[in-house]
């Protein structure tokens, strides 16, 4: 371990490159696995963005440039890559990297299963990528893959080829990686906390990891069931599950699929919410307002997430509308609570605005629009008008795609110094922020308007009319502006890795335990831990003295309980490796 | 062991029965969470079966074959046998908690033999079915549910067999027995998901 | 010091400036896009209700947006760190505020739920049982739309309608209008005609008032297109050769929506509503149109390669125009076929034809031959095949190894006997004189003697 720790501090300057490569390929260190998730997901994200640029180029004007088959394949892979290979694993990357540090653990509960998760994820991603090479191309029925258009049974005019099977198997693998990961996160949080780190002292990012883990654990297997049935339907059952020609039901897929995929929206957005919560806590020097109500809102969102799946199916005519409408409306309440708590955290704060904070504020603004447009969809009659138009595309991009991405970018700027010991360049960061913020609003706000005007989604060409052509052109321009922003980010990453300003162990005056160790941390994470008396132990260490007489200061008024955390830093791995 | 430094709290009798009085290891927590995910997987498959059953005109095998009925001797016998192997499996766990490796090995051997017999019987059920997997929703769910359950039984058997070999080599004692406890919990899950859900649905839903 | 700089110095001034800038930017954006921030003007009663609800949600949404956005900008611009050792208040909760911002949204969403619930009831309400309705059977398929009209029969046509749903025989006074596969509406019930023997019509009673829609009668516009039909001068366009569904202004229209293959969705933006066409189900969409005009529409659920080209037009006509149009169309509907159907009576067969014409007719529609060849073989995209002169064995070969763009039908799907049945039926249907176009390859084959 000691030699690994030595290599860790200079990961890019190893004399022996092959040794370093081998070390990364065989690592079970949660930090390295987290960083590998980040690189892999980032690369997939760039691929997904390239797909979106192809789509936007095609749609910029009426008429076609690429064939309908190619377009369908591209939009399917854009959705699949962005969701399964970018948003979900980026969340997993930060959860891997930061959560064990935040609870003062030595590593994950099951380090080797953690590595296994990563490699299964990569293999699943490779399978999706390879489907470009097979005859018939990739899956091309959207990331939702509604049968019967995915099936090769009699009534489908253009049955997809082997790419569809590879998609199904690939997503099963990605789901399995998620499930293993979630078990790991949950056990780590429950069993590996440092002494003093009670549940009510967990940083909010760790809380979101916990709720996300539970959502993954309970919803992903249902997706696996749907995918397995889909695979059997294509390879043997001849539509007995999903094609009415052989007794199946198309809506059955949608029910199973959304039972996972609605919680999946929260699986993507909750970690981003956790990141911005932590960022607000640090850069305002204020406690997160309503810490407990934040946790309860998280749990509430998680629970409601399991009973609203059918709001994706309002226009199918096959669901009980009032129940799902009511449950969907209710989600506005916990989300609203979170929004107000974040604002109240900044209220009367001692706020500074480095790039991480800018992205967090951007998150609030984007998520606000996403949340409000969600209420439009919750009202079933309005959804009848807006479903499957560009309004829904704008809505879900505002929430789970762009807001989540802003949260994750905040996480990049925030944790980059911890991961690599160097700051990201602030000037480039601000350029990145403004380009991206303007770009995505141009794209997705215009999409909302386009949807109101009745343009359906998933079409590769549209009837030319002046309004649609202009709006589509604006969206395309916005997409390229956003892409330019992301190029700035990419440059910033490599620039900062090479020439970035050195960061100490705690460059932001952080509040949570990851800042109590060196940057980057040693393989064993901590040499010593401060006393943990609240959800922000480092803040207590830094300012506790000065706040001795402040009646509002958490630690003074006993609001944080005095439970005992179990596990610890000295011996957590022992029970984990007992069966070794 | 570090955990022994923590004074034992009073443990609930059910918890004590299932996983013993020792503090639960991370491995046990892991397997419990994993079993929850497995429950959701089977819940998804079973929900699919019920949905198909409730709303189709084509339930009976479309090739004119006959549904596999459970009201004759063999399916019932093997259901009883599979579920009753939970007892020797639990006895194996009890034995190793007391450090009795020999009793553990004998009980696990019983589980392995009966479990294998169950799988062989399932093979013959498939052999005797006079419909294929493409013959409508019933046929497809029959093969899917029994197939996935069978795969889980086989997985459990492989895991138990591996631990049995490790036991032969002298692994496990009263303190270090997470794998046995995990195998026991998993085996209970495999047995009960069959008894409570798959067997009644597949064999008796008309 | 300039005015805007003075304004910038006070906190409210800053807020005003920032909000103003944001509002201007948003206005510019929407102005630039020439778009309204509203749904299109509705042309149906139901659409009006949806639009009203939309404006309610929109109003609340805008209010919430302005308030929360103002709060965000306020805390961002107002509270900044002045010195490095500044420590802000550590207030971490406030019961009043938390109850307010939990309670007020709860009340708002519950109110929205109740209002939405009643609007939903309203827009999904069926027509009154005694109200005159127009029934249109909509069938989506890759990649075309079929619109068929149920001919409403006046009570004077029906002498007796049994109360018993299992009774499927109806006695009609004047059955000459009735042909197999047509949909009848009697009261609120919709029934598909299976066969007619004398004055007695055998019907299939539909479940839940819905209608199986494989029928042929009153077929209006059905185009199968492969991507070129909807494109003119390189552009996708609503054109005369895209499907048009003609409906009257005024009465309730019942769209029975179904699909022949995969998911589609019936979506007319100006109705402000859509309903999926789900294979295996027939679903009902009630619309009462309030304005005449042509309304561009298209499929809204991804259905494969040419999803984008599944465009169609809803043409709403004033009642008198609709009557005239319908009378005209009804005249061109397939003529009632001589002879009786079903039962024990043999169908009269044309000389030389072998096979069961009744079975052939049902196969013709269940296989979807009518999609390309028209409901009586008169030819649409595919060639005219009514009273075809191509010999039967050559027709069988065409089923197995088709020339031109026809789908192949292997023997396990359509047996030789089935083809003979269809062939027999095709010999019984009238051949339209104006559509005698035989594609070149087939014509050459025939001239060469098969």
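For clarity, chains are labelled A, B and C in written order, and residue numbers in each chain start from 1.
We take it that a residue touches a chain if its C-beta (ideal position, glycine included) is under 8 Å from a C-beta of that chain, and two chains touch if they have at least 3 such contacts.
For clarity, every value in this text was computed on a predicted model and none was experimentally measured.
Using CA-based centroids throughout, the chain positioned farthest away from chain C is B. Chain A has the C-alpha centroid lying closest to the overall centroid of all protein C-alpha atoms shown. We define each chain's centre as the mean of its Cα atoms; on that basis chain A and chain B are separated by 34 Å. Chain geometry summary: the mean Cα position of chain B and that of chain C are 49 Å apart. Shown for chain A are the residues in touch with two or more other chains, namely 249.
Within the complex formed with chain A, the chain B residues making contact are 1-3, 6, 25-27, 29-30, 33-34, 36-45, 47-48, 51-52, 55-59, 62, 133-137, 139-141, 144, 148, 176, 178-179.
In the complex of the two chains, the chain C residues touching chain A come out as 26, 29-30, 32-40, 49-50, 53-54, 57-58, 60-61, 64-65, 68-69, 71-72, 75-76, 79-82, 86-94, 97-98, 101-102, 105-106, 108-110, 112-113, 116-117, 119-120, 123, 142-143, 227, 234-238, 260-263, 265, 267, 269-270, 272-276, 278-281, 283, 296, 298-309, 311, 413. If you check the complex, the residues on chain A that touch chain B are 109-110, 113, 179, 182-184, 186-187, 190-192, 217-226, 228-229, 232-233, 236-238, 240-241, 246-249, 252, 255-256, 259, 566, 568, 570-571, 574-576, 578-579. Residues of chain A that touch chain C in their complex: 62-63, 68-69, 72, 141-142, 146-149, 154-158, 243-245, 249-251, 284-293, 315-318, 321-322, 325-326, 329-330, 332-333, 336-337, 339-340, 343-344, 346-353, 361, 364-365, 368-369, 372-373, 375-376, 378-382, 384-385, 387-389, 442, 445-446, 449-450, 452-454, 456, 458-464, 466-467, 470-471, 474, 543, 546-547, 550, 552-554, 559.
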